[in-house]
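The next part holds the structures, each set out as structure tokens.
In what follows, chain A forms one complex with chain B and a second complex with chain C.
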Partner chain A sequence: MDPVRFVIQTIINGVAVGSVYGLFALGYTLIFGTLEIINLAHAAVFMMGAFFSLSLAQGTTIWGLLDPPLRLPLGVAFVLGSLGAGLLGILIERVAFRALRRRPATPLTTLISSIGVALFLVNLAQLRFGADDQRFQVRWFPDWLRENAPQWSWIIPGSRFRLAQVRIGPAQVQMLDLIILLVAVGLMLALWFAINRSKVGKAIRAVAESPRTASLLGIDVDRIIMTTFFVASALGGAAGVLVGMKNNVSPFMGQVPGLKALAVIVLGGLGDITGAMLGGLVMGIAEVLTQAAGLASWSDAVAFGVMFLILVARPQGLLGRAREQRA
Partner chain B sequence: MLFFQALAAWAQAYNSLLFNLAIQGVCGLSLYITLMAGQLSLANAGFFLIGAYTAAISSKLGFGYPWDLLLVALLSAVTAVVVGLPALRLRGVYLALATLGFGEVVAVVARNLVLPRGCIERACIANGAVGVFGVPRDARHWHVYLVLALLGYFFYRLERSRVGRALAAIREDELVAGTMGINATYYKVLAFGIGAVIAGIAGGMWVHFNNQVDPRSAGFTQAINFLAYAVIGGTTTFVGPLVGAVFLYTLPEALRFLRDYRLMTVGLLLALAAVFAPRGILDPALWRQFSLRRPAPQPAALPRRQSDAGS
Partner chain C sequence: MCRHYRILLAGDIEEEGMMSKRRRSLLLLLGVLVIAAVVVLFQILVPARPPEPIVFGVGLAITGVVGTIGEDQRQGVQLAQDFINQKQPGVLGRSLSGPLDLRIEDTLDTTDGAGAVIDRFINQDRVLCIIGPTLSQQQFSTGPVANTAGVPVIGPSNTAAGIPQIGEFIFRVSAPVAQVAPNALRAALNLFPNVRNVAQVNATNDAFSVSEGGTFRQAIADTGLNLAFQGTFLTTDRGTGFDQLITNILNNNPPIDLLVISGLTNDSSSLIQEARALGYDGPIVGGNGLNDPNVARLTEGAAEGMVVATAYFPGLQTALNQTFRQRYQERFNESPGQFPAQAFTAVQVCAEAVARVEASTSQPITSLDLASARRAIQQELLQFSGFETVLGPIGFTSEGEIIQQNAFVTRLTVIENPDGTISGEQELLGG
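Moving on to the complex of A and B:
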């Protein structure tokens, strides 16, 4: 294969996979940053987000409440599904985390309660939506786009649109990958700006630094934690929809990405937002490269082996600065 | 007489459930010993898998039960030292993640493990994702009960021994333990190694009951289950993980009448138990709430480390 084409294609595929990992891992890392716990229910939220969008896109009667089933365009279903996942996150925080924050609970207990919630949600989804794989039925191109497609070569020379593929220079890329990439990267940038430039973001960072100091400064810590859960879960749900569009939607779709995202946040440093994004991209490209090398069955071992090594050698992550040991 | 017949019939019906329950109890104990030192290790599912694979492969190569358990113990211990020495410098969630990574690597290696030579009756020894088949069913019920009893005695003595106190000191404060001349690294690796050997032997016995093992036999879910036994049962004594294992492992069976809602209910109960009994269901303070008598005045609780995240 032409090396230039291989490089471009690998980068785009890897970034498409990796940006979704990053989006998903952001939720873990946001919650870890504020509460210092791993929310193991996050993978279930990811799955529920995909199911919310899927049912909105395919038409749902919401347990027979609506007579003509509600059927929304894909973009709207994506947004609403993600928001629904965010609301679910708030609910999970109320049920499984808030009570434990007020008790003399160890992080172990929170781990177990979040696992309980995850088990509940996965089995609920299985009951409500069935255990089989389901697919988004998507018509990608509005007519106006298909008619005007040739003109897109103005933007990138030598590029052109086909039905489901885009040609960028010498490389061919799935349209779906490109859309996933753009949406995921867009959401990540939006989050980065929200955390670093907005007032709520400042409050979130303050709570992450020290909840007690933040509350002394007049920040409503419970509300900020709720906001964090909403944002984290909405991003997780969005990642779920994107993965569901690319692969399948099933109650068990969260398991593998859920574990991989743990490796991603370790790679970027626990609680580090920029690190999680870059860690996701690195992980995605590494995965595509191991697949290209014909070692697909070892790619998990690479991911978790790297995670082990990073933890042992650089527990602060690739980017992070060492924090002093706190007794 | 009728009673014993009924008991025998009941034991017959729940044959494999009882055996697996005892195995889960052993696994809960294997995690408990690292918790005694205050270390959260999720590697024990990995050691369970290592044990099951080692026992399965060595017994198919002619090195049969129960002697292959010696090999299992040796291999688990060596792996535990090699993994534990670097990993146990980490604490809390970092250690949990590192050991989780170890478990996943073990599962991937098992998935890619193909031993084509020495195929007996066209069945290869280890066959990638399919695993190892046709392991002789040599383990008897009383074997695992005996192991469980020995472990009970071991932990009973351990909690009252110098080693047990050293582990407790490390759990309370590693720095202070160090200033008292306790070699924290040594004791942590020791606890990790003992836990690994226990988990490995559980895996070895299990595969000699289950006839086959595949890479999905132990993974993330089991690692979390072992932890759940300890947390739900309580971690103040070794009885906690055992009670937790009995409770959580028989719960899905006891809830069979709920049919499709069964596993949902298990999840809900798990979350509720964690929220309402954060120190385990054996916590005396929990049961005192329900007693009708007025509670006796309690000594003031020691100030626990604040869960003020990030401080």
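Moving on to the complex of A and C:
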């Protein structure tokens, strides 16, 4: 075994898994940071995003309305699927959270409401798409990612059921992994800039600080919350499509990453965007390193063990601020 | 005037009294006639008490990660019910005293889900026998409950070691991995005689995959091959992929010539797809979870050439199997795989045991008390030997283990359909 090759490949695997966890966790943390509620329906939004995209890529008649079926290129399907997940997020906010927020309900009530939405969506997906796993077919990917990949020395062309691969030093990685990595990191950075540099981002931060004060300052709080749900859900949906492209799409695909992403936001510091990205990477790399050591059955235990140790040392999470004690 | 009136009145009363007496007896007669007519009509129109249905409980993992298997099994048992209730001539020929009523319930893929369903079958639906649950893991949890309650159970797809040993009421029609799996390895060796170094991987959080993994390792040792890599994964890894496991396999020293996989259908399919995508080009031997032509579609053709041992071969040339296959194709528009065939067999075997009990006691099984009926079925099941099913002739050992004469090994062929979709067919290598 070539140790250099092995290490490079392992790191790339870990970063790829971790970036998807991070992307997923951003949605959780954005909503938590703004509203202080854990939206457990986020895992279902992740799954629905994947199904939206898959339906658009494989051709959908939208319940028989379209003839011939609408079939879109993969990139377009990815964008529309993510936006669809964002719209679903708005719907969830209107149906499951807004009324509770006005009441105002306890965090436990909103948590249970979000569990209800999650169950509903998973069952709906099962009814509409079946319990069977489905795939983004390799032939839907553009030619230049398969057989007709550019003839550069560091690219190994793909085949009928294989995407091209990229040589990094002595290691080989799937082009798809690199694309997932780039898209995930790109989206994270875009969100970071949007939150910290844009006007809407400023408004979101203001609402997160205090909805009442924000409202007094003339910010339309309901609209900002709706925007937050849209952005968070669109990111979750995008993560769903990326995971779906790499693995399979099924109504249950959100369950495990959903649980891990919860751990990731705790690890990164609740409500902290950079923390969620960092937490995702730590989680992904810890998991993959365990698998690399041949202890795959322990990977979940080690990932959560790392979280436990970090929280013992830093209870507020990696980047979270300690809560102020108020007299 | 007044007197006259009184006389008249008296006469009227007398007359009225006589009339009402006559009317009363007339009414009485009429009433009797009406009742008699109703009784006669009732006897003509309504036949004697309808035969009581014969109730079996069928608990399958129709949704959840093994939903593909549960759905296939549901189709198998539904077809068996049709065959039996329509009394297909020459097929499942023996008739029962009442219609077969299958209570089909979804157990999900969890032991809790199975527990709730089996409990309901035993205590609420008061079934004569139980078919299911789908997973060995579930059977290990619910089998002891059914056994204590004295309800015969037929496992339609439990292949882990130790299932019939749960108790005297637990049977299975799915040949255990210990019998089936080594055949696949031997067949692969015939196809690829140069294979030396084997990588064996299995899921560790699923009882059947663990059991099958052990069987494969034993078979690898028995055939003199070198177990060069042994890997594990979790059924939950499907969410994030198997990249690292494949990286480990590809970087193994000595290089791997054969990959042996034990896991549930969807997980194993993902694993194969990724192995091919990352560059593993060697042969693949699949366990029972991969014994499904759907794997061709799930892996998008990457599983082409995969060798799998199977307990059922659709091409088996018996009248029963040909009819089964034809009806299955007509009704569900697909070829039956091992899971529907075994589920079909489970219902067939149970119904046959009921028919035998009814023949020996000369009365409907529903007229026996429930505990005796269940016990009688269990006793009849033990007598099965060389009984004709779609799996070929089968019987049971005194422990309730299946004795199956046919064993098949297949190779997966991938078919690209004109509409761009992919389907698979299992080609027989040896039987």
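One rule holds in what follows: the second predicted complex is superposed on the first by the 288 of 327 C-alpha atoms of A that agree within 3 Å, B and C clash if a C-alpha of one lies under 4 Å from a C-alpha of the other, contacts with A are read in each partner's own complex, and residues count from 1 in each chain.
Operating definition for what follows: contacts are C-beta pairs under 8 Å (C-beta built on N, C-alpha and C of every residue); 3 or more make two chains touch, one makes a residue touch a chain.
Note that the coordinates shown come from a computational prediction; the quantities given were computed from them, not determined experimentally.
Student: Quick check on the superposed pair: does A:Ser210 touch chain B, chain C, both, or neither? Answer first, second, both or neither.
Tutor: first
Student: First (chain B), second (chain C), both or neither: which does A:Pro257 touch?
Tutor: second
Student: Figure out whether A:Phe308 sits in contact with chain B (first) or chain C (second), or with both, or with neither.
Tutor: The answer is first: A:Phe308 touches chain B but not chain C.
Student: According to the stated criteria, A:Leu270 is in contact with first (chain B), second (chain C), both, or neither; which is it?
Tutor: It touches chain B, and chain C stays clear.
Student: Just chain B (first), just chain C (second), both, or neither: which does A:Ser297 touch?
Tutor: both
Student: Now for A:Val17: first (chain B), second (chain C), both, or neither, which partner does it touch?
Tutor: Touch status of A:Val17: second partner only.
Student: Look at A:Ser198 in the shared chain and tell me whether it touches chain B only, chain C only, both, or neither; answer first, second, both or neither.
Tutor: Touch partners of A:Ser198: none, neither chain B nor chain C.
Student: Which residues would you name on chain A as touching chain B in one complex and chain C in the other?
Tutor: Residues 255, 297, 300, which sit in both footprints.
Student: Quick check on the complex: what are the chain B residues that touch chain A?
Tutor: Listed in rising order, the residues are 40, 86-87, 89-90, 92-94, 96-98, 100-102, 104-105, 107-109, 111-112, 173, 175, 220, 224, 227-228, 231-232, 260-261, 263-264, 266-275, 278-279, 301, 304, 307-311.
Student: Touching chain A in the complex: which residues of chain C?
Tutor: Those in contact with chain A are residues 62-65, 67-68, 71, 204-205, 231-234, 236-241, 243-245, 247-248, 251-253, 266, 269-270, 273, 276-279, 294, 298-302, 420.
Student: Provide the residue numbers of chain A that touch chain B in the complex, in ascending order.
Tutor: 32, 34-38, 40, 95-96, 99-101, 103-124, 127, 208-213, 255, 259, 262-263, 266, 270, 297-298, 300-301, 304-305, 307-308, 311-312, 315, 327
Student: Note which residues of chain A are touching chain C in the complex, please.
Tutor: 1-2, 5-6, 9-10, 13-14, 16-17, 20-21, 126, 130-133, 135, 137-139, 160-163, 165, 172, 174, 177, 243, 246-248, 250, 252-253, 255-257, 284, 287-288, 291-292, 294, 296-297, 299-300
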